[in-house]
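Both of the next two complexes hold chain A, though its partner changes from chain B to chain C.
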Partner chain A sequence: MKKIFEIALGILAAIGGFVDIGDIVFNVAAGAMFGFELLWVVVIGVGAIVTYSEMCGRVAVVSQRAVMDAVRERLGYRVGLVSLVAGQLVNLLTIAAEIGGIALALQLLAGLPFRVLLVLAVLGLGIVIWALPFEWIERVFGYVGLTMLVFAVAALKLNPNWNSVASGFVPHVPSQDVALYAFFAVGLIGAATVPYEVYFYSSGAIEERWTPKDLGLNKANAIIGYSLGGFLSCALMIMAGALFYPRGITPESLGTVGLGAEVPLGQVGLVLALIGVLFAVGGAAIDSAFSGAYNVAQFFGWEWGKYRRPVDAPRFTVGWMAMLVAGFLIVVTGVDPIQVTEYSVIFSVVALPLTYVPILLVANDRAYMGRHANGRIANVFGIGYLAVILVISVAAIPLMIITNMGQG
Partner chain B sequence: MRRVTLSILLLVAVAACGGSSTVSAEQLEKQRETVHSIAAEGALLAADVERGRSTPPFAKIHSGDLSDLADRAAKALANPAGPSLDAERRREEARAVAVSDALAQLLAHPDDPGVASTVRRKLERLSG
Partner chain C sequence: MSDAIDLGLGLVDHQLIDSEGRRCGKVDDLELTGIQEGRLQVAEILVGRRGAVHVPWEEVAKVDSGVHLKRTAAELRLGRGDVRARKLVAWIPGAQ
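Presenting the complex of A and B:
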């Protein structure tokens, strides 16, 4: 019974923790521009993150080494270094976008000046990371992030054409605006598969001291948690498709996302939506700060882990603090956080193979994984999604240029 | 070689200047869509303020953001267009300014249902 309860708590945290600022921006924009036509892409993105999270969680459980650690050991210094640099650059853009997103959500809730809220956001994140144990951080942000389910209620209340919604899950290519459609497809997959998620997931397995007995928990968390998280992404797109698409509204700011809950549900819907966004994005900011610190510490073989006291893992502690400060410095220059989000997602797509190829190789290494190496099903999905990832990583930059970053 | 490089630089400079000083048909269409989008979204927001379904901080910040976007569109439309497009460009510029002004009213009175009602009607007309 206790085990089932633990699994349920983990899954709930995974649902609330799945959505970040990139998912919010791309799902709402895709719904506003193409209605329900891109829902099938969300399914592909969720499938990819489920497959690779399960894989890297399994690697962590079996080897007691997180992704970057295993990559460095099994694939050598050079491959590891390329993977580290690419991952860190994307992490940096991601954390800047998430910190900007926190300040925007706070501003919409409180009406205070943006830069003041940026400072408060970074200080708040620092205090939370310093003061709370790992499990609490993950769960508090995951659970409160669940208030984003208000977007599912909003989508229902807007009474969309359910036949159109259902046909959106069938893969197809439109007859016009193909490049723009492809750009959003790339962005949606990129937003669902951002590298920090797998780095954080595998390091989290070590932080929570998972053993081979927890392989079932790993599978349940990855499959059920991320799939239900994908449900939130679909809810955002359906809401936008039902409310903004028919009116020709193209979202340009986070306020449009809040309006998506306010119009059908009033003040309560608005406040719940903004709190959900705040905690989902806040959780993602912490995940990406940790992810940056995990990667560097694991690559260079330093002590790491939130379960250690800061004095016992000083370079890891400095690492997550540096990530927070660097993200803050990027966004405090005055760049638009929504634009930073779009760039972070598109550049993360370019770097995706450098994260996902090593995971697949290590998970297939029988000398390393023993009987827990990838089986046939894991490889069919792993290779299939890798092919998708390779295609979109090549297409991302040309599509960004052709569509003027999705502006058409 | 130096002459070729200079010529290329000159061409790039001329192209860059030319690109920013006139509004093409494509840019005009894009800005028209942007202004329509801002007006339609502003009308939804104003309707919620009118019915007491929004919060003052949200209405203030979001109407301010939308007003800034409309300002940006008006500035982009302030550059001259070709003779066949100029009348339309002026109309769109005036529409962008009107949308921005209406949203600025909501920004100044984010909790006044009366002002919101006026703004909503104006924005509904401008988004039509």
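Presenting the complex of A and C:
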């Protein structure tokens, strides 16, 4: 019974932890531009993140080594360094976007000046990370982030044409606006698979002291947690497809996203939606700050972990603080957080293969993994999704240029 | 794990862990001896890029996914960057 409870807790945290500012921006924009036509792409993105999270979690549990350890071991110092730098640039853009997202949500809730809220956001995140143990951070943000499920209720109440919704899950390519459609497809997969998720997931397995007995928990967490997170992504797209698409509204701010809950559910819906966004994005900000610190420590072999006292993993501690400050410095310049989000997602797609290939290699190494090495199913999915990731990582930048970042 | 390991895949770039379970660097390079004599042997682990710290192979207790050492990082002069960084965080309440 206790076991089931534990699994449920972990899964709940995973749902809230999956959706971040990138998912919100791309799912809502895709719904507003193409209605329900891109729902099937969300399924592909979720499949990829489930496959690679399960794999890197299993590697971490069995070998006590996280993703950036595997990158260094498999790619060596030089190529590994390219992966580290690329991953860190994306982490920086991501944390900047998330911090900006927190401030935007706070602004809609409280209405103070944006830059003041940025300072509050960073200080708040710093204090929370410093004061709360790892498990609590993950759970508080995961659970409160679940109030985003209000978007699922909103989508239902907007009474979309369910036949069109269903046909959106069938893979297809439209007859016009193909480049724009492809750009959003790349963005949706990128948003579902941002690299910090695997960095954080694998390091988190070690933080939480999972042992091979927890491999079932790892699988359940990855499959159910991320699938339900994907459900939330779909809800956002269906909401936007039912509300914005028919009216030709292009959501350019987080306020428009909130409107998606306010129109069908009133003020209560709006407040719940903003609280959900605040915590989901806040959790993602913490995950990406930690990821930045994990990556550098793991690449150079330094002591790391929130489970250590700050003085016992000092370079790791300085690392996450530096991530918060750097993210703050990027958004405080006045760049549009939504635009930073779009860039972070598109560039993350480009950097992804250098993260996923080492995971796949290590997970297949029997000397390392013993009987927990990849089976046939994990490899069929692993190689299949890697092929998809390779294609979109090549296509991402050209599509970004052709479509002028989705502006058409 | 069997006795034979692939030096490139199984040793170089792997995590070093000291006798107290602390992570204290990576195997950045290896020094091999006995090449002329035909009795090749790993003599030292080199840690760090420039001005590397040399850890004699006798200090290795066990090799699995990481390389476990027989003594503490401080005794082997490893993980010295943590000593410097510790000063940056030690003053904050709750850091100890």
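The rule we apply is simple: the second predicted complex is superposed on the first by the 406 of 408 C-alpha atoms of A that agree within 3 Å, B and C clash if a C-alpha of one lies under 4 Å from a C-alpha of the other, contacts with A are read in each partner's own complex, and residues count from 1 in each chain.
Note that a residue touches a chain if its C-beta (ideal position, glycine included) is under 8 Å from a C-beta of that chain, and two chains touch if they have at least 3 such contacts.
Computed from a prediction, not measured in an experiment: that's the story for all the values here.
J.: Counting only touches as set out at the top, which of chain B and chain C does A:69 meet: first, second, both, neither?
T.: The answer is second: A:69 touches chain C but not chain B.
J.: Is A:212 touching anything from chain B or chain C once the two structures are fitted on A? First, second, both or neither.
T.: Neither partner.
J.: Per the contact definition in the header, classify A:304: touching chain B only (first), chain C only (second), both, or neither.
T.: Second partner only, chain C.
J.: Between chain B and chain C, whom does A:368 touch in the aligned arrangement: first, second, both, or neither?
T.: In the superposition, A:368 contacts chain C only.
J.: Between chain B and chain C, whom does A:247 touch in the aligned arrangement: first, second, both, or neither?
T.: So A:247 only meets chain B here.
J.: One more residue to check, A:171. First (chain B), second (chain C), both or neither?
T.: neither
J.: Going by the contact rule set out at the top, does A:270 touch chain B (first), chain C (second), both, or neither?
T.: first
J.: Return first, second, both or neither, reflecting whether A:398 touches chain B, chain C, both chains, or no partner chain.
T.: In the superposed model, A:398 contacts neither chain B nor chain C.
J.: Indicate the residue numbers of chain A shared between its chain B interface and its chain C interface, in ascending order.
T.: None.
J.: Within the complex, which stretch of chain C touches chain A?
T.: 1-2, 5-6, 9-10, 12-16, 22-26, 28, 47, 64-66, 79, 81-82, 85-86, 88-90, 92, 94-96
J.: Quick one: in the complex, what on chain A touches chain B?
T.: For chain A paired with chain B, touching residues are 107-111, 244, 247-250, 252-253, 255-256, 258-259, 262-263, 266-267, 270-271, 274, 407-408.
J.: Quick one: which bits of chain B touch chain A in the complex? Just the residue numbers, please.
T.: Residue list for chain B touching chain A: 30, 33-34, 36-38, 40-41, 44-45, 48, 52-58, 60-62, 65-66, 69, 127.
J.: Could you pull out which chain A residues touch chain C in their complex?
T.: 63-65, 69, 72-74, 76-77, 80, 130-131, 297, 299-304, 309-315, 317-318, 365, 367-368
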